[in-house]
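Order of writing sets the labels: A, B, C and D. Residues in every chain begin at 1.
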Amino acid sequence: MTLPKLSPSDLEAHLAQLDGWTVKDGKLHKEFKFASFVEAFGFMSSLALVSESMGHHPEWFNVYNRLTIDLTTHDSGGITDNDVYWAQKANQLST
Amino acid sequence: MTLPKLSPSDLEAHLAQLDGWTVKDGKLHKEFKFASFVEAFGFMSSLALVSESMGHHPEWFNVYNRLTIDLTTHDSGGITDNDVYWAQKANQLST
Amino acid sequence: MTLPKLSPSDLEAHLAQLDGWTVKDGKLHKEFKFASFVEAFGFMSSLALVSESMGHHPEWFNVYNRLTIDLTTHDSGGITDNDVYWAQKANQLST
Amino acid sequence: MTLPKLSPSDLEAHLAQLDGWTVKDGKLHKEFKFASFVEAFGFMSSLALVSESMGHHPEWFNVYNRLTIDLTTHDSGGITDNDVYWAQKANQLST
């Protein structure tokens, strides 16, 4: 099933609840910074499991303790509930 | 370099600072329980990096959200400062 | 849905195709040995993703380059198709 | 200790042995493609251990089964033996 792209107002409402996430180039975007690579990669591993389980994978860039994440749903041509859910999981796992 | 096995009094002093760790069958021992496999495996990944970096690897058993860890230094015939350091890192990363 | 426990003859037929796996204490069992901890943990990470995606998690014990895996389906009281599938994935990823 | 930046001729000689690696924007560069995210992330996990052990971390970008890696040694202002060693490990672990 292809999820519908979120409407601007729905997206706005979600963003208000997603600490640190913005929309950049049409994707949900956040930059994380950790105390060390050890902590950054543990976080990535947890989210790798979430991603595979959802069948929904991020675009992510890591160097040392920094991790930049962009989320979009290709089949839907934009940001969907799956991206919002993934972002919520990321925030929850980073605290 | 082979680290010396800790004396009983030194080991006792370290254990007093290592929340949740005991000595079982001559090894530093702790059982962790997480909210989910996702969190358990993220923790294991962080500690895998620590382990490889130290050249000091745990005996660990995982099923779902539970992780049992035993630490000893084979070359020293018992528990050493390396095991204590590893245990400290584990406690720090689990909080 | 609870999968049915495999019949002895079905289990036998599967085992004939599962290189290195045996039944031990009523569980599918295999011991893997890798060239290094680096390779062992990469393998574990791949299978952690498979496990979370299936909602089916192994009992596994690792020390350095060795990994012992036991598989059973608790809700079914024995070995099911899920365990066989997991074992197949493990063999495929280890080659 | 700060490793010296490789000379153009030394770099050339190394590149001849490093299947799939090129120099892009002054960094060692390669794009890997795997059969699945499961395999890509297992590979990343192995290399995360190598990285932490070396104290030398990649710039890497992943989406699903694709992984783009750039290597440089910041303290040396360019590509050093550490980058070459990391690239060798990556090639070895991807086969």
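Before moving on, here are some points about what is shown:
Simple rule for what comes next: contacts are C-beta pairs under 8 Å (C-beta built on N, C-alpha and C of every residue); 3 or more make two chains touch, one makes a residue touch a chain.
If you're wondering where the values come from, they're calculated on a predicted model, not measured in any experiment.
Should one ask which of C-D and A-C has more C-beta pairs in contact, the pair is C-D. Separating the centre of chain A from that of chain D, both taken as means of CA atoms, is a distance of 26 Å. Chain centres here are Cα means. That of chain A falls 31 Å from that of chain C. Taken residue by residue, chain B touches two or more other chains at 37-38, 41, 44-45, 48-50, 52, whereas all remaining positions touch fewer. Arrangement of the chains shown, judged by which pairs touch: all-to-all, with no pair of chains left without contact. Every residue of chain B that touches chain C in the complex is listed here, in rising order: 37-38, 41, 44-45, 48, 51-52, 57-64.
Contact residues on chain C toward chain D in their complex (touch as defined above): 37-39, 41-46, 49-50, 93. Across the complex, chain D meets chain B through its residues 45, 48-50, 52-53, 55.
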